[in-house]
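What follows is a short report on a single structure.
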Amino acid sequence: MPVALYPGSFDPIHNGHIDIAERAARLFDWIVVAVYDSPSSKRLLFTTEQRVDLARQALQHLPTVQVIPYRGLTVDIAHQVGASALVRGLRATSDYEYEAQLALTNRALAPDIDTVMLITSLQYAYLSASILKEVAALGGDISHWAPPLVVQALLNLHRP
Amino acid sequence: MPVALYPGSFDPIHNGHIDIAERAARLFDWIVVAVYDSPSSKRLLFTTEQRVDLARQALQHLPTVQVIPYRGLTVDIAHQVGASALVRGLRATSDYEYEAQLALTNRALAPDIDTVMLITSLQYAYLSASILKEVAALGGDISHWAPPLVVQALLNLHRP
Amino acid sequence: MPVALYPGSFDPIHNGHIDIAERAARLFDWIVVAVYDSPSSKRLLFTTEQRVDLARQALQHLPTVQVIPYRGLTVDIAHQVGASALVRGLRATSDYEYEAQLALTNRALAPDIDTVMLITSLQYAYLSASILKEVAALGGDISHWAPPLVVQALLNLHRP
Amino acid sequence: MPVALYPGSFDPIHNGHIDIAERAARLFDWIVVAVYDSPSSKRLLFTTEQRVDLARQALQHLPTVQVIPYRGLTVDIAHQVGASALVRGLRATSDYEYEAQLALTNRALAPDIDTVMLITSLQYAYLSASILKEVAALGGDISHWAPPLVVQALLNLHRP
Amino acid sequence: MPVALYPGSFDPIHNGHIDIAERAARLFDWIVVAVYDSPSSKRLLFTTEQRVDLARQALQHLPTVQVIPYRGLTVDIAHQVGASALVRGLRATSDYEYEAQLALTNRALAPDIDTVMLITSLQYAYLSASILKEVAALGGDISHWAPPLVVQALLNLHRP
Amino acid sequence: MPVALYPGSFDPIHNGHIDIAERAARLFDWIVVAVYDSPSSKRLLFTTEQRVDLARQALQHLPTVQVIPYRGLTVDIAHQVGASALVRGLRATSDYEYEAQLALTNRALAPDIDTVMLITSLQYAYLSASILKEVAALGGDISHWAPPLVVQALLNLHRP
């Protein structure tokens, strides 16, 4: 019964993430979406609690997908949930190098866990959480890039 | 019971291929290594029969891996063997673009089959069948890049 | 009255080319689609006459777009038709390097002609004439990648 | 009468920017250089007023080029000035991916506005505002990378 | 008697750096490892003194390698120590673009000094000081990526 | 007395090659330019004798540079001439991946020989022997890309 971990910041979850989660759910028996509870180094817009909450709502149509927060090394949480694979989405070439570096680092740390990469669907190939947040902050229409609850969460942030 | 198809030319199979097959065998219940029986467009060193034979011998330690030749569209053979995923190894950045193009083309042709990419292990990151063949043709030592039977097959080719 | 030249092999023209031609037609007063009448170096599926003919039919809905064959340097034909710009479509990162090299070579040969690059629309980002031809040769469905007359021309080629 | 918008931070304007503006001015009837009045997210060396002022002086030899500051979405200011195209300069491969992402995002937000990319001239292919500022801060000679008034503005900043 | 400068932040020195220094020491008569004493712009974990000290200890097995701190332009310190070449290690494609930009900038500033690039050995191809620090901060095992004294220095930092 | 080997096809030698040879000659005591006497696999325009002859004439102003033809593995000829380094010029990102693969393959075959990469000078960054030959074949002006004797050799080829 292979389990896969899908780790990330999910700040916030968007349609590109949901696409990867849906496709991973067809390949593995159980998917654990692991929301990184960053100590400080990264500037995030939403709290860990909010990010977990938005991801749970956005993925609730997938019965074999579970959302949890995590701290520490990604391979440690993978071991804890019994995952044999990490799932990552690849958008563009520049993603690839970073993801390859991450995958090789994780294999050095935990040779029993492999990284499985899925190519992001074309309609989300240019979508990132940064762009989503920037367009939202400037008042642009983001309704085709994120589910309504995420759009609303972003609008609430920018409302006085 | 997820089945994955690992398609390629395998002209000849080398340690990079074997590494990917071994790792895929840990993620999927059954792996079909599909050796492309190219009609003509690509210049191959070994016949389809030889390439299938070498792959079978090189992978015989993997009980859940089967080697077959195929013609036609990769997604058609995937449907025929009941595969829900295609497996591909990624070496370098230049690979990525070609593989992404292939993956997106195959998804357009068969949305029910996804492509799963694994990063080639570091020690084979620069290894390709072309380099293997070129070094062998020039008399270089290829014993750390391919199993003995493949090394022998290449030596036989270059013996008068 | 700026004129732009859109040069290429167009072997055969597909939806990615048509997308670029349509968008260029909105930016320039007149577009000359120049089909390269290669002496020999490149293996082409269709004759120059056929490629020009398919392009003319596929672009006949664009009143300011004209299709001609050409030989020799691209900048020479650009001068002959009075073009101040070359138009090229960019798909992926690997395209970019080749296109940049071409653009810089052409500027060295003719500093008065600039190359204008448009990003291929997402739905055609992985489409190339090579893939179109390969999928068609293997009997795959290409109807969402090329107009009906081009699909028919490809089918005719592969009919005994 | 096609108008193009050339948006950017221009912190400060340098010879690479001027090269793109000059070439765009040959392709379009009117160029609006739009200096982004960033609310806060980006660390800039010069104020918006200074950046606009330096750009105006550096481009005053181009009668069809106008410099304005702007806030908000780039496509919104493009609509306001009646631009049908955004102009961007491409230096290297790493630029390309970011620019492609930006172009596709902008097309999603405003399908009537296209992004036109020009390859930076070879002599400025490695020039960026960051490098200009870093070399200036360390006392290096920057006189071949920026017009005298920009060199002077940078020297004034680093004078006690 | 050719001297080469190997400049960097070395925050801290790791096995990838040591590999480059060892190989450069075989090509040049004398190597000066120059530790950048950044005024402020970069967030560093160790002080300049600590970084110089760790590098000196990690490279003490190389009799023709000397470690010094430096400020200002890299080409200025190269002139001061009489270096005719800068040495840089290349890991991946994304490194390449940045390093090429740096090399061309330095050649513009000092045409008499050339940049010599060495490909990082495969086993360190994914290793960077950032990854080393991140894995160390999260409690991962870094003993195969850095010499014992550096591992200890990182552990000391994260000890309460 | 370090010797470096600069291997290649040199079909024909152009200004980009000459630039690399000149710069390598400042770094090493002796440079052996090794012209690959390809058995068959590559389509070359000039014979090995002609390529060696053109390179010798084009490099005769460099007293420490010698031109020889070679067959077999590059590392074997490097050993024969006593070279401790291979020199290669890097133009663009796409070059980098191929060159890295080559360098890592050569290090696997001969760990005592390292590959030293130099960034091609900006004015030749887009120049390749293929482009030179193609522009020459189409009657374009190539006088700024190759020395007069090479230009003449190319013109002679295309004269009836």
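Labels A, B, C, D, E and F are assigned to the chains in the order they are written; within every chain, residues are numbered from 1.
Here is the rule we use: contacts are C-beta pairs under 8 Å (C-beta built on N, C-alpha and C of every residue); 3 or more make two chains touch, one makes a residue touch a chain.
Nothing here was measured: the structure is a model prediction, and the numbers come from that model.
Listed by label, the chains touching chain B and chain D alike are A, C, E, F.
The distance from the centre of chain D to the centre of chain E, each centre being the mean of the chain's C-alpha atoms, comes to 34 Å.
Here the spacing of chain D and chain F, counted between their Cα centres, is 38 Å.
In chain E, the residues that touch at least two other chains are 92-94, 97, 100, 104, 122, 125-126.
Inter-chain contacts, as defined above, occur between A-B, A-C, A-D, A-E, B-C, B-E, B-F, C-D, C-F, D-E, D-F, E-F. On the side of chain B, the complex with chain C involves touching residues 41, 72-73, 75, 94, 97-98, 100-101, 104-105, 108-109. Within the complex, the chain C residues that touch chain B are 92-94, 125-126, 128, 131, 134-135, 138-141, 144. Of all the residues in chain F, the ones that touch chain D in their complex are 92-93, 122-123, 125-126. Against chain C, in their complex, chain D makes its touches with residues 2, 23, 26-27, 84-85, 90, 93, 96-97, 100, 103-104, 107, 114-119, 121-122.
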